[in-house]
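The following pair of complexes shares a single chain, chain A, combined with chain B in the former and chain C in the latter.
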Partner chain A sequence: MATTKAETQALIDEVLQVYPEKARKVRAKHVAPNDPSLEKSKGCITSNRKSLPGVMTVRGCAYAGSKGVVWGPIKDMIHISHGPVGCGQYSRAGRRNYYTGTTGVDSFGTLNFTSDFQEKDVVFGGDKKLVKLLEEANQLFPLVKGFSVQSECPIGLIGDDIEAVARKSTVDLGKPVIAVRCEGFRGVSQSLGHHIANDALRDHVLGNRDDEEFPTTPYDVAIIGDYNIGGDAWSSRILLEEIGLRVVAQWSGDGTLAEMERTTKVKLNLVHCYRSMNYISRFMEEKYEIPWMEYNFFGPSKTEESLRAIAARFDETIQAKAEEVIARYRAQWQPVIDKYKPRLAGKKVMLYVGGLRPRHVIGAYEDLGMEVIGAGYEFAHNDDYDRTLKDLKEATLLYDDASAYELEEFVKRLKPDLVGSGIKEKYVFHKMGVAFRQMHSWDYSGPYHGFDGFAIFARDMDMAVNSPVWSQLKAPWLADADAPEAAVVNG
Partner chain B sequence: MANIIISENSKGLVFYLAKKDLEEQITHLEFNSADRWGGVIELGDGSRYVIDVLDAKPRLPISLRARRESETA
Partner chain C sequence: MTQTVDNIRTGYALFGDADYQAMLARKTADCEDAASPEEVKKVFDWTTTAEYQELNFAREALTIDPAKACQPLGSVLCALGFEETLPYVHGSQGCVAYFRTYFNRHFKEPVACVSDSMTEDAAVFGGQQNIFDGLQNAVALYKPKMVAVSTTCMAEVIGDDLNAFITNAKKQGYLDESIPAPYAHTPSFVGSHLNGWDAMLEGVLRTFTLNQMDGKKVGSNGKINLVPGFETYLGNYKVLGRMLAEMGVETTMLSDPSSVLDTPADGEYRMYAGGTKLADVADAPNAITTILVQPWQITRSEKFIRETWNHEIPALAMPMGLAGTDAFLMKVSELTGKAIPASLAAERGRLVDMMADSHTWLHGKSFSLYGDPDFVMGLASFLLEIGAEPKHVFCNNGSKKWKKAMEKILAASPFGQQAEVYVGYDLWHLRSLLFTNKPDFLIGNSYGKFLQRDTLAKGKEFEVPLIRLGFPLFDRHHLHRQTTLGYEGAMSIVTTLTNAVLEKLDADTMTMGVTDYAFDLVR
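Up next is the complex of A and B:
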């Protein structure tokens, strides 16, 4: 699509027109046409600012970033949603971090543990309740390896001393109990929750086994920032193992406490989601001299590129194996492209997701001949946009912390063939007659990482875009009517 | 004062200010020898920061405290 920056800017101005002047000024900084020539996003787009009151943001809270994203997937720990019941219950199992193990026996990922705060706990404090809860949970689930206490909003408001409880219970139970101060009101989005969670991992998990003997190899790596959504970490791990590396730890999808504690012994940290785990990677680089690198396992082009870049960090045996693996998988993914590319080529996609996918999946769509015409992040920072600008074409629409209204308007005007975003957006766009895939949870599908994942990704996108339902949206009695658009849009 | 990390990449020294997600190549470091290291830092974007002068070149990356040059110590 040969749009110019001026055209994209005109579209933005038109959409933002409805806001009162002050709000318009603020939002204008967060929506911009892309300029791939820029090295830095500063000056192009503003991000990581507080959402405007009254504007329907789709962001999450710090608790969501800590409990839901970073800590939640550690399967052999119990993560207590400390506070009222809703925060944990309404987000229970929603992220689809797959794990192996028997839920309720040695794994606890999809269960919801909460202290279920009542009025009296808010008035008199909930520390005693927390102690009791920890004891009870430890008794009921003796194979649990540790606990994290994920604070919800009220904990910070009433000033409970959960750190003291954690210290005492760690001794009493003989298992690590880690207090995480991720109250939802902290920061502007779930992003601060990632940071707080990283800091808690740094202080209470990393380094716990530094004195322990552990046989290492020169090929030890850790997968950082892969939450195993629909099995993503598994389809990534297979490739890394096939090129001869030994994956010691998965942070944190299908991860265990022990493997995370042992990460300090690896040779290289492989970072998939930069946004949520760059903090811990930087820390390990400084303290343990473990270098880290970002990689991208979405779509065959990027996967091959990443495999080569990873192998380049090791010796020739790994590099040779990487080439072997790349050659072998070509026979697997080429037919996928041959099948789906003719059905998808030229289709336009708009993305609005979290911290890495708006840039990471671009290559996968391009492998299928599709074009990304709009991209945005809920909670990215400058450094994420720095990494995004180059991957998108000139004048592509960028939107940061977009509101429900803005997304709807942009989609109405740009008319993409597919929108990729979350569950809150899904049905709005379905009703508008636009194909949609959930790009947070893979819409009950996945994995999408690696060569195995790409086949599923391609099938899913085809299923969404080319579904026969999109030709059935017009009511038969309106078949000859002049203004079918309106009938569809108001659905 | 803010916490920063100085690390090294193929192009030289890198300055990282977590609070601002500012990651910039260091274009000039006042003292950069084996026995004197630190002082005024000049970044690719033109901004200037100051760190304490150390009497040995540290192992990188390293976390340090830095202030803007305009701030008084």
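Up next is the complex of A and C:
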């Protein structure tokens, strides 16, 4: 395995050789050996650029970033997938944003509301249909708190004025109706969808209750950028409450419109997924002078570090409680490490996830004695890589917007013990006999956040790495036969 | 602080603990501005009423929980079924991420498919440069024998012309002339995933046969072509060929993704595996005829096969259940002159034997079912054959013509008299019907689990258990490997239905000292 930057670069050059020249030049900027001495990642790796056509990017679209990530989990609103039927269907109930409530009555998270565009809607426009369907939804779901209109590709191409519809329907229905211009062709990935979604929340949600009397405390905080996948926000919230803080809002996992509207009254915004929600945090800092800080609740080392850093923003009572909580949970997580570290120490991990986790989970793996030997983001920006370089060793392989081809070739060459990525990658590596965990959905497990989540994380990584399945790939009568490694992807 | 190393609990178990429950209750009370439990209950109860159903069915613009997907999903599945073929979708890249994910979750298999990642500039200037670069990159990386191109709605709205773009790509050297690149325009605002499958097949057939008909002679290769349509049960690709092989009839399956979606875990990832040979596609006009396994979803290809190949396509229903399979085999026998062998008669006999064994548990039981048109019609027909009673026969993407045909089948059977047929309605409509006119069971895909949950929420006696048959099946493993067609498939369906009835009966009779007098060992 590569240990120097030159060796990593040689591996990169070899893998990129297959590309046509024009494409190879582009990709060469997105794949690099890590240089932890750099303050800015720009000198090392390029990100947030258009994906090359035809290379099998893993990326999704702006709609996925807005409806699928940011807006979708707000549970007491109805989010309309506005356009043809597919987008809403494919994104229905797939992300495991847990919430409490009575679905179809006061909560709507796993339902799929769509305008199911037909040809006539494309030709004549869909604004009238949108007005009508909002009325129908409001009638059939009287407890709904508001609506978002999540634009699919055609909306922005046919000249519909959904903003006008939203303004009028907001008055007519007496509930917020928010138009979101997250057409899938906008931008280069989900990331612009996050930004567009943040902007829509800024313009139409934040501040709606600024005049409301809402009793506040000096300890009010909001969780920003936790989508409660498998309950992550809950296993985080419980720790924040235990150290004496009051969580007023969750953005947006298990979130409600009221929570989001009242976020302007908190004392501190706690940002977990920086990539998808730094925008709204910066805005609240500018307009409402609410400071924000990033934190990391993956693995006990980072969780303790984060709890202390959060507590340091408050008075001594909070700091004392934080120390109490940290001491108390040691009794919980130390036995977890004692059990699993001997089984996992020295195991090598390659990560390829969205815009946060490739850096945020490094500490959790290290707590278990594992090493991250390759990491990359689907849709990160420079500032994410800035935050990543220092957490990885020199010459660690970095890949931005990796194609299916690249990821497979890198894994073949680096031979990790575990790959953490998404469902589209998962089964490729199962065929290759490489242990795999989905690091978007927690492979239908979780939560992974906080101390309670870490126990599950440790158990799951052990389950993957030490499954007896991986040693049984070769039929016994073929075990001795020469098995030359497939040289090309389609071997 | 609730985890212990010897009993690490996942969320579903963890969050039931008192500290989490108290936390969630505080969140609801203090932060959410939530409606009161009484109000929620009142509204929930209202949603189960006939009054609500009337409002629900009065919807004109809003679709809630559709039971259909969009065209390019179908074109991708069709493309996957050809030898070393790379599905290529021209348009926004997010669509391809969704298609792959959707199939990954159903088949638990890798799905190779590329997009040419059109963005704002392509929306303005058109996507020709994307297709040039996309084809060049895709072939360099993934070395396909064929690239099968379809479109997303973005490319359709701006009016990109695939024929011109692909021709230009070849002329200008972005795509080698020797690589076939069939294409299909698959606007997602027309029809459903079924139309996309049909359009892609037509594109493939056109590429290999439209200008190659000289020397082609109907019947000269002695084979029967089978067009499976949007088929997601791997066993169904195999069973039809197996039955015809037993008759001594050779077949060409026109799109067979059953191998590429079922590769072994042996250390090597195969992006391409099996699939219909391109040479067999070229030879397909020489077949005796072409049978459409799911005739209701194949229109464009049907027209092409009829008009270009001069095949007389037999009028057959999907070979699901007894009569459907009988008619299929007899037609093949008639077309080929080959007798139906004793082995198939015996297989049929075994199915009838199973139906006889199980009819006591299925007779008179009512089933609501939903899915794609041919599947629903085939399954409803089989229910009638065993004395079960279809109640709501639901097809989101069925046509009025299909509805009439379905009603005719139901009207002809004493067991179909109470059935109501719905086309163009969604699962939120079906939810109302399950409350106001309760069936014993619901048959459908994984989305049906939410309907079961909703009916249970009204009370145990209102619960409509879901039996999983259809697509997609995300929340149970390996069901996609099953067979639902032919006698073999009917055996599998009888087994599934009967045991669902028996499991429900066990659940209803399991209470110690209360209902367990009927908790019988022998059923």
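Just so we're on the same page, the second predicted complex is superposed on the first by the 481 of 491 C-alpha atoms of A that agree within 3 Å, B and C clash if a C-alpha of one lies under 4 Å from a C-alpha of the other, contacts with A are read in each partner's own complex, and residues count from 1 in each chain.
The working rule: a residue touches a chain if its C-beta (ideal position, glycine included) is under 8 Å from a C-beta of that chain, and two chains touch if they have at least 3 such contacts.
Small disclaimer: the values here were computed from a predicted structure and weren't measured.
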{"item": "Partner chain in contact with A:K302 - chain B first, chain C second, else both or neither", "value": "neither"}
{"item": "Which of chain B and chain C A:H360 touches, first, second, both or neither", "value": "neither"}
{"item": "Touching partner for A:H449 - first (chain B), second (chain C), both, neither", "value": "neither"}
{"item": "Touched partner set for A:N382, first chain B, second chain C, both or neither", "value": "first"}
{"item": "More chain A residues in contact [chain B versus chain C]", "value": "C"}
{"item": "First (chain B), second (chain C), both or neither touched by A:H30", "value": "neither"}
{"item": "Touching partner for A:Y279 - first (chain B), second (chain C), both, neither", "value": "first"}
{"item": "Chain B and chain C footprints on chain A, overlapping residues", "value": "none"}
{"item": "Residues of chain A that touch chain B when the two form their complex", "value": "40, 42, 48, 279, 282, 285-286, 289, 381-383, 386"}
{"item": "Partner chain A, residues of chain B touching it in the complex", "value": "5, 7, 16, 18, 20-23, 45, 59, 61-63"}
{"item": "Residue numbers on chain C that touch chain A, as the complex places them", "value": "1-5, 8-11, 14-15, 19-20, 23-24, 27-28, 31-35, 39-40, 43-44, 47, 52, 55-56, 59-66, 68-70, 72-73, 84, 88, 91-95, 97-102, 104-105, 108-120, 122-123, 130-131, 133-138, 140-144, 152-154, 157-158, 187-190, 192, 263-272, 428, 431, 447, 450, 453-454, 457"}
